[in-house]
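Both complexes shown next keep chain A, but they swap its partner, so chain B is in the first and chain C is in the second.
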Partner chain A sequence: MIVGGMMLLTLLKKEIQDYLISIRFVVLLALCILLIPLSLYVNFETYKRWSADYNEQVKSETIKGSRGRGGLSGLRPPSALSVFANGVETSLAKDFSIQSPRIIFGTGRSYGDPIYETFGRIDFLFVVQAVLSLIAFLFAFDAISGEKELGTLKLAMANPVPRYKILLAKFAGGMIVLIAPFVVSFAIGSTILVFAGYPLFQGIILAKVALILLLATIYIGLFFVLGLFVSTLTHQSKTALIMLMFVWVVLVLGVPRLSMMAAKVLRPVDDDSVVALRIKLLTESIDKEKGNALKQLYFDKAREKKLSPGLLTFDSADPEFVRKRNEIAGPFEARMREELARINADQQRKRQAQLNLARNIARISPASLLSYLMTDIADTGEHIKVRFLDAVRLHYSALDRLIFSKSYQDTISDGNTGWGFGGNLPGQETPKDPPRFSFSFPRTAESLGQSVVDEGLLLACAVALFAAASVAFIRYDVR
Partner chain B sequence: MIEAKNLSKRYEDEVLALDALNLQVSPGEIYCLLGANGAGKTTTINLFLNFIEPSAGQAFLNSIDVVRNPLEAKKYVAYVSENVMLYGNFTARQNLDFFAKLAGKKDLKKEEYYRVMREVGLPEKAFEQRVKEYSKGMRQKLGIAIAMIKDAPALLLDEPTAGLDPKAAAEFLETLIDLRKRGKAILMSTHDIFRAKEVADRVGIMKEGRKVMERTREELQYENLERLYLDYMRGGIGPEAEGPKTAL
Partner chain C sequence: MVWTIAQKEIRENLLSLRFVLLFLLAVVFIPSSLYTNYRAYLSRQADQQQIEQSNRDYLRKLKLSQIFTNPKFSLDVYWPPAPTSVFAAGFEEIHPRHLVVGKNSVEYGAPLDVQSSSGLFGSIDYLFVVQFIFSLFAVLLSFDAITREKEHGTLRSILSNPVGRAVLATGKLLGGYITFAIPLLIAFLVGILILEISGLNIFSGDFLPRTAWILALSFLYIAVFFLMGLLVSSLVSSTYSALVLSLAFWLTAVLVLPRAASLAAQLWQPVKSRQVTWLEKVSVESSTEMEKGRLLEEAYRKNSVVDKEGRRVADEGWQKKRDEIAAPYEERAAQSIRRLENDYRTRKAAQLALGLRLARFSPAGAFVSFITEMADTGIREENWFTAEAERYREMLQRELFSKIQFDVFPTGGVSMGIRGMVNPAQLPEFRLPRSLVRDSLRGADIAILLVWFLVAAALTYVALARYDVR
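Let's look at the complex of A and B:
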């Protein structure tokens, strides 16, 4: 009698042969070869354009010296890994400007084509998440139930074959046939990228790409095991297929979208434009109060200096005037800072709570987990959004400490006429070369660390499903 | 040797599919189990193959208890089902090769596969033909070839001639006779009374899970098996002593 290893090899060889000569394999091969290199190439072309735009803007701002004006604007560089997962790249602001005390964010990047804007774009993440998960199901749905229908399972098990070996061979055989065209297509796509000028070997990009490939493999494996599990629960491949199609729609199309919708209902957060309007009204209101409080001081100074009617001045040469002005304006300016900080923190807290809830709901689906993980590694995920916004706020705080707190901006009104005064407060030194906005992408370990829960869940899901499929198959009625 | 001792099977829905079956098939013997649908024939075979577990009693293959040591017991049995459906995209030889390896046969040469396929009456041109192009008769022949290549001392056949044309059925029985000559213990369930009478060394009639009658080849020379069968089907379900005995 043959030893166990030989038997496993026989079963494995048969599984691979059976898949290789099936139409399913042809479909998989065609889709992988077509979609993966094409999506990588097209997304790289877009990234090149984004990158060129970014570099052009950096150069232009440096020449114009707008950074010399106090770093009042900043740019967000595109992520080179957006080629693999677009993520928030098109929705997150590509730049910002500061009109103290407000930060005004620009628009996101565009694909540059109305068709893409309307129908969305295929990236590597989509190919894995939607297309390959579906194909994994199509590979697995009849693995057990189909052999039962055919009668070959009975015939095989009339021999001294342990059940676990049959399942193991089905898993390993299916995975080899599924993953091989995927990896080959990925290698072809990556080679095309390198020849087209993609910086694959620059910095940590290669490590991150390897991580993306590993995640994709785990995800495809998870769907294949889920397919095997459902196949072991059914006695007709038709039933297994219908069940799996339902599961696919729920996991891939339903949960990821519904999670955000549910979070919006359960944890409503004001739109950013509403918050911006609130800030605008608040600053205007405090400015007005401050102006009213300062009005008498300015009018007294105009009388003292015998200015013509209708003229007011900020007398920087008079230390007493400056002291009184600061004494009056100080509490208003402090209140303004406090209120703005409170509104921003409140909005940030609510937004984060909503995102956390959405993320927790979405964890039901491996498709959502993959999105979170892959976009995090590709530096196009929610973490990047938070990182960018934090960097902008940090930059604002630095400017506030170094510049805005050392300047004044007063608006005086007597009901009919308005006067505006602004500039550096006398005796307050501001840096000639204020800090420039800088933004860096996280390192691989950092990206992974941020999503460690999701990574653990994805792996645990795959292992648990394989265990469930094994238990179900041990109890499977082969008759 | 195929042996059942008080073998019983009660399903979860409380249906008693097999009731205390005692049976012994010796090497070089063909035992035919006759009975209507639901009589317990296939349940008996499934119990021997450990596809289901008995509620009571024991089943032995080559004196090995199939419940206690199923993998060891399966080394000594080959099986042919009612409707052999193999891997359609594989050729006959590839199918034969796969099942031979599962049965523990390794390093078999192509000629050995061809020899077995010839023995069961498959035409030469079909050896490397995809099985999805086979007729039912050809598939059954390939099924028996798979059983033969295992060279197990016991054979379990579950209505193997069902749906076969008379010529194919006759050829199939010739193969069975040949296997008997080689000392195989063969247990075959069938509806085909005439073929059973032709090849069986012993015949058992089953009804509602019980073996109600058993006759040897010699005894059947003096009795009409068809009449016996019909009488038992119409009559009570009691075992031998209770059943009618109809002389010719």
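Let's look at the complex of A and C:
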């Protein structure tokens, strides 16, 4: 036992030493030290700007609110953890305004930032997902096949060491060498952030950052094990390398992008602008029908009041007029509400189905899994998009109940002449201070709970690959 | 002799795993991405036409009263999608396609589709495939061109013949490169064929010339990476070192540098955000309105009489007095706003120029810049669109806004009116002229790629000349 344990330690030391003196370690170190702290810092500067903008907007909203016009627009606060994973933070609408019955969404935070949009951005997620995965492969591709080529593998096996221990030593050695620079750079980056004012120790942020670091480590480990596995499949390092590069392209570059594209083809959904047009046409046609139904009432009132020809009026002082108007207009307005609700619910359902399909397809690749997981934790993921859009619609329904349904808008037309009337229905109270929109980030348990499946998947994948590598290695011809 | 070496290279490569995989990736990704992007283009085009039609209807039915009673009256203009965007669509809403033209400034309009413009992942397009996949495989094919032969001992056998080292290098370059060109060319042609069958008329407009340029630059881009792999191979003696260095080069040049450029530009030349500029404009507008309103109110009291029913009515001298007072304020507001806007634009443009210059150091950056311009989805296109929207705003200022009078009185009155003839139905529509191929041609990017190519070639020849072939 003791001999076995010491043997493992010796093997481990050898592995680590081999890696430490190699060029690839230098490349890894350089990339980690350069990219991680820099990207964290610059993303934080960007976040500060976004925060400042957000606070400015909050001030204007408060002013609007004090004039009784609050609630008709709303804001979405930036997530502090977007420093680690931008996700949808940069492209999702940051505000909206309501012009009943339309909800008009604003632009994203990086809208009109052409360099970023053309070349892409570096965030911690990108460094881990794309750069470190490639380097993990670089570390692993010749772990087995390289030793075989050098002839040292059979020498190692001539000792009384079980094969799984050799594999274990390779895995542990490689992981230590891969993770150390990564963790050190992360620590440096976090320290810089704290000095620059990042609220690292506020609330749940530290825990989430720790979780992000853990996920990254599992992810890198997974790619390393995958590399080891492929290395045990062939006797030539070069073949292993080419296969791994191909796998990298497919898993990191291909699947994440293909997943959304495939979902769009398999479950197409109309653009929002098309739906908005549909709503507009529907609104106009129902309005017209309503106008025709109300025509007689308005004309009668005009005649009763002996108004000059061509003039109509909404007589708010006559309760009978108002009652009759409500009675006639009621069913039309109810129908409009129903149709609108139906169209919106339909659209939402289709979108959700498309997103679910995309996410399922994306589960094939650990790279997209990582994106979903990290952005979920950072509150910059697809679920935030859904949450925001849902919150906006809920807010609109509340306003509709409290305000819009208590006002009237009638358009009467007779041949070439048209009249428009609008205002608050007499006798209906509208709140002086309409409810304001507020958006809150999901509680940690909630956002983590959603991704438990994915976390499990990532872990299971890594373990399965290690098992596969062990099996393959046991059958490996070491001569 | 060059051709013999080249032939040997081709034969070796054609049978290799990497060629098979590259061929697979190319033939799967390029035609399918072209087709998918074509479908997306069709749907964007349909949206665009619908929106333009509804805009036209809106303008036709627009009543004057709707215009002058709305101080924030504005018109929407849209940037129609181009067929060449099938090559470089990237994110669907990569550039603002919707601008709102108002009295004093042009602002960003809402994106046409909130859902698809905000996604976690981009999409695959031709630009992506060549930029990342082909360059990676170029490096993978060439990194051991020399070191492999050295390690097998065949390098000294070859050179023991009367073969100059330059000839060897050229042969390897030619052979390896032809191996590359084949999958790219085939996949490209298949893709174009599919497009033609799906209904895109490739012979219309300037589609074909742009496509030709795109293909040509793709070949140049891949050649640069192939040469860089070859260069690394001639600088070191072990295949393993060559691999690590080549991959490190690829990582840095393709994945890291272009993105780092935007980071650096933001650090070096930060620009105050659009939001802050917008707020400043709004505050200038409202403070001028208040000043103007106050003075107008005083003047109104002096230039009006109370009629029989107790209402105030303006006398004859009022209009002139009003113009006298209002004009300098409106002029001042307009100028301040224009100044704020220009300030922001200039700074933003400087930041953009810096970022572009940094990004284009890398061959990948130069390549992306060239292709997006040629595909009509580039940064230059966006500036063109914004400039045209500005011109449209100036025309609207002349024909419409200057004839509208809108005064707000502090005590709560509003006076609005129109001076002169305005017929909304006769307002010209916004038309964005199509840019010509020669306008989209970025010579600088071609030059950058050529420099990389030539320098790498020169260095390779020198390195090979000094290479220890034993």
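Heads up, the rule we're going with is that the second predicted complex is superposed on the first by the 468 of 479 C-alpha atoms of A that agree within 3 Å, B and C clash if a C-alpha of one lies under 4 Å from a C-alpha of the other, contacts with A are read in each partner's own complex, and residues count from 1 in each chain.
Convention: a residue touches a chain if its C-beta (ideal position, glycine included) is under 8 Å from a C-beta of that chain, and two chains touch if they have at least 3 such contacts.
Bear in mind the structure is a predicted one, so any value in this text is a computation, not a measurement.
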Go through the superposed model and pick first if A:376 touches only chain B, second if only chain C, both, or neither.
neither
Message = A:479 in the overlay: touching chain B, chain C, both, or neither? Say first, second, both or neither.
response = first
Comparing chain B and chain C in the superposed model, the one touching more of chain A is C
Applying the touch criterion given at the start, work out whether A:15 contacts chain B, chain C, both or neither, answering first, second, both or neither.
neither
Discussion item. With both complexes superposed on chain A, which partner does A:162 reach: first (chain B), second (chain C), both or neither?
Written reply: first
Note to self: If we overlay the two complexes on their shared chain A, which of chain B and chain C does A:243 touch? Say first, second, both or neither.
What the structure shows: second
- Message: By the touch definition at the top of the document, which applies to A:154: first (chain B), second (chain C), both, or neither?
- Response: first
Both partners, chain B and chain C, contact chain A at residues 22
In the complex, the residues of chain C that touch chain A are 17-18, 21, 25, 29, 36, 39, 43, 47, 50-51, 54, 90-91, 93-96, 108, 110-124, 128, 132-133, 136-137, 140, 144, 239-241, 243-245, 247-248, 251, 255-256, 258-263, 265-267, 270, 273-276, 279, 351-352, 355-356, 359, 365, 368-369, 372, 378-379, 382
In the complex, the residues of chain A that touch chain B are 1-2, 6-7, 10-11, 14, 17-18, 21-22, 150-152, 154-162, 477-479
Interface with chain C, chain A side, in the complex: residues 22-24, 27, 31, 35, 38-39, 42, 45-46, 49, 52-53, 56-57, 60, 87-88, 91-93, 104-108, 111-122, 126, 130-131, 134, 138, 142, 238-239, 241-243, 245-246, 249, 253-254, 256-261, 264-265, 269, 271-274, 277, 280, 351, 362, 368, 371-372, 375, 381-382, 385, 389
Within the complex, chain A is touched by chain B residues 46, 49, 51-52, 71-72, 74-75, 77-79, 81, 83-87, 89-90, 94, 98-99, 101-104, 106, 143, 146, 150, 156
